[in-house]
Amino acid sequence: MSIGDSDMLGVTIAGIKMKTPVMTASGTFGFGLEYKDFVNLNKIGAVVVKGTTLLPRSGNQGRRIAETPAGMLNSIGLENPGVDEFLSTILPRLKDYDVPVIVNISGNTVEEYGELAARLNVADVAGVELNISCPNVKEGGIAFGTNCDSASAVVKQVKSNTDLPVIVKLSPNVTDIVAMAQSVEDAGADAISLINTLLGMSIDIHKWRPVLGNVVGGLSGPAVKPIAVRMVWQVARAVKVPVIGMGGIVTAEDAIEFMLAGASAVAVGTANFINPCAVQSVADGMKDYIKQRSLSHVNELVGKVNL
Amino acid sequence: MSIGDSDMLGVTIAGIKMKTPVMTASGTFGFGLEYKDFVNLNKIGAVVVKGTTLLPRSGNQGRRIAETPAGMLNSIGLENPGVDEFLSTILPRLKDYDVPVIVNISGNTVEEYGELAARLNVADVAGVELNISCPNVKEGGIAFGTNCDSASAVVKQVKSNTDLPVIVKLSPNVTDIVAMAQSVEDAGADAISLINTLLGMSIDIHKWRPVLGNVVGGLSGPAVKPIAVRMVWQVARAVKVPVIGMGGIVTAEDAIEFMLAGASAVAVGTANFINPCAVQSVADGMKDYIKQRSLSHVNELVGKVNL
Amino acid sequence: MPKMVVEARIVRNTEIGVNVKELVLYAPEIAAQAVPGQFLHVRVADSYYPLLRRPLSISSADRITGTVSTIYRVVGQGTACLAALSSKDSVDCMGPLGNGFVIHGQRSLLVGGGMGLAPLMFLAGALCPRPIEILMGGRTKEEMFWADMFHNKCDAIHITTDDGTLGSCGVTLDLLPEVLKSGAFDVIYTCGPRTMMEGVVKVAKTYNIPCQVSLEEYMACGIGGCLSCTCAGKDGSRKKVCTDGPVFWAQEVMS
Amino acid sequence: MPKMVVEARIVRNTEIGVNVKELVLYAPEIAAQAVPGQFLHVRVADSYYPLLRRPLSISSADRITGTVSTIYRVVGQGTACLAALSSKDSVDCMGPLGNGFVIHGQRSLLVGGGMGLAPLMFLAGALCPRPIEILMGGRTKEEMFWADMFHNKCDAIHITTDDGTLGSCGVTLDLLPEVLKSGAFDVIYTCGPRTMMEGVVKVAKTYNIPCQVSLEEYMACGIGGCLSCTCAGKDGSRKKVCTDGPVFWAQEVMS
């Protein structure tokens, strides 16, 4: 990469230095290594790894994905090898690359989140991202991410267990995304990422059965972009911490839309399945745009939508 | 229509007898008359007219629609001629057709909803549909449809002002759609329709401005279908009143998906813009499906998704 | 007369200018009814993205061959889809939509800019054999392939280009007073950029010549059902560009 | 060896059976590496619906001509898009993905049903000149165009059809014990419907013949990144069908 490039695209989010503002969305890029034939991991913003839990999880039974108009549903069910395996086997292999590794974590209780954060408080992890769309088993299974108090409790617990920057990833399945964002900011979040998937369902009209084994799943992809852009715009105006925007980003134009809405960085999710080089081509396209508009840095886009 | 057809597709929702379970979604079919060159109004389930308010409204300034992946945003802003003009000029022209006319109403206060319902309590109106996605001006502009208590208050007020069946149309922009549905059922709703549009935003990356004059708008079309199907499924299991499903229906297959999820009738919205004959072709396709499956009536689909 | 939706066979879809194509459709039912100023509403692809139809003015209609044409500029995703079609394909097309120009008076002046010249083409043909002149503007000579197309339809063609590469240097509005002085017009029909039309209406007023304008708005349904295209009428009423227009008498929608 | 994503020119896309087509792509980088059992992940249209790629087994690869082929049945929206393409077009194609069959032993029996015969075609070619036999099943004679395709690749072809219109009447499993008795196979490779493969594995066990199975799962990424395709390994570990498979030794994934 020439000096000019990193000058143009380099950003620092919650203290994490990234060469481009384009990260990978958790769950769509494995642990990064899976994509090494297609993407130069040394050139991307950050690798956000698959949602990791304390114990290994085998995920949901039955069919796990379904295609929908301009989108997809997934119900992977947080399959992952568990934090110990991640630390012992996967993280050491990621060390070969010069890219910040952010670990997306999920827990069933506030304590689990805290415990995960503590274990991940190691040198080679650049930050943790809290997936708070998980059910809070102690509070009747209502997702942490749909209640300001539970979300806030998770964030506080994590903050007191780690020195790393803490990114909180919001669920879009709420009435008031701004209230959620403000609670997690107040609780100490260093950055906010959004959106996670929207709860959806598809039914097979031939079999009269849900398409997904898990009945419902999370909607992602281009279909959700307008909702994501709106939420990023609302949240970015309401909080001081940086916002990482995602939801339906396929092209550089999509990413720029999120930056204009107020995102300081973006993540590419579903698009990785369509174009395995997407993270890189989005960043390349952003660079071209910046040059064409005679801007000097991608930061100049952030929140610049004129009402 | 042969006797067989109406035998197969005829449904009665909250006392409203319809020849097919396929209605028009408010705001996408004008007052019905606009579509008479394309659709035989005597053959469709019901005409749900454009959202009507006490006083005429000129709607939002600037661009009002934007295309998004498999969907569209709109911010019409409830432009309509007002209830008096509707009653004096439009309703008499609809009398020429043998089709139930359901009036979608919107108010800024609980009292306005009540007043509207009272004025519309006339013979040629088959029912009212309450659009509760409107801002509650007395309670700081939070939409009636995102708060159980305000929604409930609106429904009670309307019920005490009309003898007509009252359909309550839910907003999907909530954390807990089931709680909303239960409150309006408890308050006396005779049927529940869902979903209204999801709040979204698009930004023009060349002009650095929102695409819509109103900044944000409502997302509709195929993109939202998985969210709508999920909500219909959740609500239909939780309430006793019939559910009218909508959100992204373009084909008969889409409509059948909603019926299997638990809808007793469906409405076609955005698809009217793509195919002006959509209401009719969806019903025709449902009939074919019923025949192919050797069913005797469309009711046999309702809620039949097997978990 | 009923509007309709037809699957229209493409007769040809040919480039007639830089990024501008003429699409000729075989749609006899539409051709039989179409009047100048009306438009087609075209499903450019059988897809969910683009999802909505695209409104395109009718640039000519031939009852004998059963064809209707439209001239369009490729500006975005939808028109790019349309441009990719060929005579093997067909398109789903609604029409004829909206209210056209009202034929009025004897001596007509047409004032058009950019793609606004497309409906004026159709109008020029329909006005024949009445005396008509046209004032047309564009950025540069390259854009003015229109001149040839109006050649045998008008008694005089006045041209302006922003860069002076064809006709006089400037915009239509600069030349308008001169054109108006030279001919005794009793009606002006204008279609083009909003600011141009507003200027024309203003000048026409000082000359006391009635003026019809053809408006453009973002449209979903095209038939009065969605209210995405409305504008404020001067009488306080709301006007739907798709069904009350797109052609209006200037005083209905402009001050 | 690195996986890759290429824009592959379509050499031909021709019907070879009822609703079954063979797609031949010019993709020399993929052809150079491909081994039997691996698959392509194809973007069937440059659209958002269908959005995801479609996994299709490689049915042959020719390093000299630089082509790879796949044989697919048109079942839904994605394969219909693919079927509409012609030799003027190109497709975005990832490959070669997954782990192929492990060449093992001397005398091989291939057991295939339906589209599962496609990867076995490639395998049969690669096993040559080792002695191989194939047992294939289908619903009816019409589906058994496969027989011709395996003709000069196998020493014996055993056929079953559900309706008895070709070969013996019944399913592959009915004929399997007889076939196994007649030949001294030291490996079985099977690909087809899950229930067929499970039956094959069971029978193979009683004959003590090692067996490789090729699994099918709904896939998003195709390269191990999304976990949509995993299954339970018999050792308690999770297996990704896309990267740990699609070919497994039977005992890895079936009991």
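When the chains are written out, they are named A, B, C and D in that same order, and each has its own residue count from 1.
The definition used in the following text is that a contact is a pair of C-beta atoms (placed from the backbone, for glycine too) under 8 Å apart; a residue touches a chain by one contact, two chains touch by 3 or more.
Model, not experiment: these values are computed from the prediction.
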Separation of chain C from chain B in steps, with touching chains one step apart: 1
Highest C-beta pair count, chain pair: A-B
Geometric centre distance via CA averages, chain D-chain A, whole Å: 36
Separation of mean Cα positions, chain D and chain B [Å, integer]: 48
Separation of mean Cα positions, chain D and chain C [Å, integer]: 57
Residues within chain C bordering two or more other chains: 48-49
Residue numbers of chain A (touch at least two other chains): 69-71, 221-223
Topology of the chain contact graph, where touching chains are joined (line, ring, star, complete, other): complete
Complex interface listing, chain A residues touching chain C: 69-70, 222
Residue ranges of chain D in contact with chain C within the complex: 47-49
Residues of chain D touching chain A in the complex: 2-5, 43, 48-53, 92, 94, 218-230, 232, 238, 243
Chain C partner contacts - residues on chain B that touch it in the complex: 27-30, 34-35, 37-38, 50, 58-59, 63-67, 69-72, 74, 76, 79, 81, 221-223, 250, 270, 272-277
Residue ranges of chain B touching chain A (in the complex, touch as defined): 68-71, 73, 146, 173-176, 198-203, 205, 208-210, 215-216, 219, 221-227, 229-230, 233, 248, 253, 256-257, 260-261, 289, 304-307
